[in-house]
């Protein structure tokens, strides 16, 4: 078993706000991330696939193929975008790191043909990041 | 002569758009940075002061003081903000790296008391950055 | 299940030395880290919490809260300090990465209220680091 | 249980090519990595050992010893080398990240005396990397 | 006056060898970089242009244009290549960092239309790099 | 003219304290860096030499030679040391970044034979650094 990872980046703006909460409650929960006009980040996304290397090629999958899948299905939809407004699959979603990671997993997972999707790692800065390994994984490890 | 640098970070959203240009011309010039709903970055700001170390302290200036100046006069105004809307000193300014660097210089320069402001270096990603050394410097070096 | 990580930094000095060993044995085990007058590092600490995102907020916990906990309970005690002398909870402890990670876990773990502490990752440089996941975890994964 | 990691670097050239495939098939699978005259990378290798800290030393193992093992058994054989031609243990091996990780594991594993080899992490750039945890580990956890 | 920089990367193999020197002299000068079968690097190239921002656009030049120029005229020729064999403009050139920087300057300089080429910065690792500012610059600053 | 840089690292402890100042004045100037038992850093040192590449070798100087000079004359004296106590050439010197940079320049400069020492760049963290270019350089550029 081998884990293969491809890292990509995108830059986007967002605002953390739950319309069902009061403005005061929103500020309390989300702090400066609740700024009404939004703010933004350079996000880093690491996609990890688990599989057995093909003895003939020495590879679990072609990293160009993985890059192309992530670029097409995720990055092209979120790069240089406002995550609250511009992204069809994020409508009705508060764009926290946690929610983004789950959405990214659900979109990408059906497209992985060699090996299986093992992990989505999403950084909004080098200080804050989340790791998600799918809803069927009871233990995060 | 010694150069002393302090690095700080902020995250913000922006849109590059000149209202005097047509929409088509704006897209042509600014590309995906013209996205109507904006996008965002983790910006890195390096502020460099030139001076002679004080023989008694061995320092050009106290880096805590420099950090405090940059935090108070710049970072607090732009961090977790929309640069097109939220920042008084950026009204009427297209928030390109170049324009931000000049504005930051003009705001910070009068507050440097030990040594003189030598350079503003501003990154919007680790791939794109500008360096500005003031309007009286004919040569950038 | 989701893993959420906050990274913080501190700088400190230390000396690796076991007073029950001979000087020669100490030099043999700890090498240059046994230098009698100590040396120092910029440490990087990553604290990871595992939990389920709250559907209402989209977050496992507020990263500001996690940062505040780590800052208050750990960083304030060790930043700009001598780990052999200045830190009450490290008295009688040889300040290796391994011992620091266990101490940090034991101090921080009771304060995590949303989710549970999953991992302490401690770097003394970008070349050397340890990962600790608690004494009840038989397997490190 | 504690994980201890040491990072080392090496630079090398390689070509991905399977002589049993047609030239066209090789180009299809390996893309620009099939360039007949090769290309190269600064590789980063992280070696992780799992173990219990010795209460007397506060360490799982001496990182100098781990560094020395990795340097002697791996880095000295691959640094500033052509991986297709110059490395005895890579003869008959297509030098993909996956194949390199398995070979590195098999060479290094018998030499780890304190603790057990837990993970080989190999980067060919900061965008592409693999993780390997041994052939007896059914789950990559 | 403003400096605007775009960073790009390429990976390549090379061998440092002067056929007019003896083998012994080559090994003495170039050390392990003289390995007959070559080795390789992930190179980082920073291209800096100096100019005055256009008041209408707030930019010295469009970074997409600069990226496109560097990609087309330089990166496409050297990425995933053997610098001793595959690159027409490097025939008869020993591919040291210094020689690469001068060649890159000479190729790129005529294509910069807004502003003027100010600096080529070329890293073969994060430990070794050169800076070149053109043959007419008597002083490197 | 070409600038060639080699980066090295060292880790050390220090305390900023001027015995001619009162304790209160020392705390006021140096803040937490005045902690009586010291603290420490992973320092990064970049040494830059300016020169003309030798047409026969394509190099200003051999980077191995530069590395060896810096290692021997500087790093071996300060790595894993207490800068206030252990370093002969720092006796009577308050170990600020500024003072270290001047001392490093004065020690290294006579040993540079190919080209001339152009710049010492010293980081105590990725947020704080100084640049020194020698006492005869009236302008820091």
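Residue numbering begins at 1 within each chain, and the chains themselves are lettered A, B, C, D, E and F in the order written.
Just so we're on the same page, contacts are C-beta pairs under 8 Å (C-beta built on N, C-alpha and C of every residue); 3 or more make two chains touch, one makes a residue touch a chain.
Quantities reported herein were computed from a predicted structural model and do not represent experimental measurements.
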Which chains contact both chain C and chain F?
none
The chain pair with the larger count of contacting C-beta pairs, comparing A-D against D-E, is D-E
Centre-of-Cα separation between chain C and chain A, whole angstrom
28
Between chain B and chain C, tell me the centre distance in angstrom, where each centre is the average of that chain's C-alpha atoms.
35
Spell out, as numbers or ranges, the residues of chain F touching 2 or more other chains.
141
Per the touch rule above, enumerate the chain pairs that touch, sorted by label.
A-B, A-C, A-D, B-E, B-F, C-D, C-F, D-E, E-F
Could you list, by residue number, the parts of chain F that touch chain C in their complex?
9, 11-14, 32-33, 35, 37-42, 79-82, 84-86, 124-125
Chain F-touching residues of chain B, taken from the complex the two chains share:
1-8, 48, 50, 53, 56-60, 62-64, 118, 141
Spell out the residues on chain A that touch chain C in their complex, using ranges where they run on.
16, 18, 20-21, 29, 31, 93-99, 101-102, 126-133, 137-141
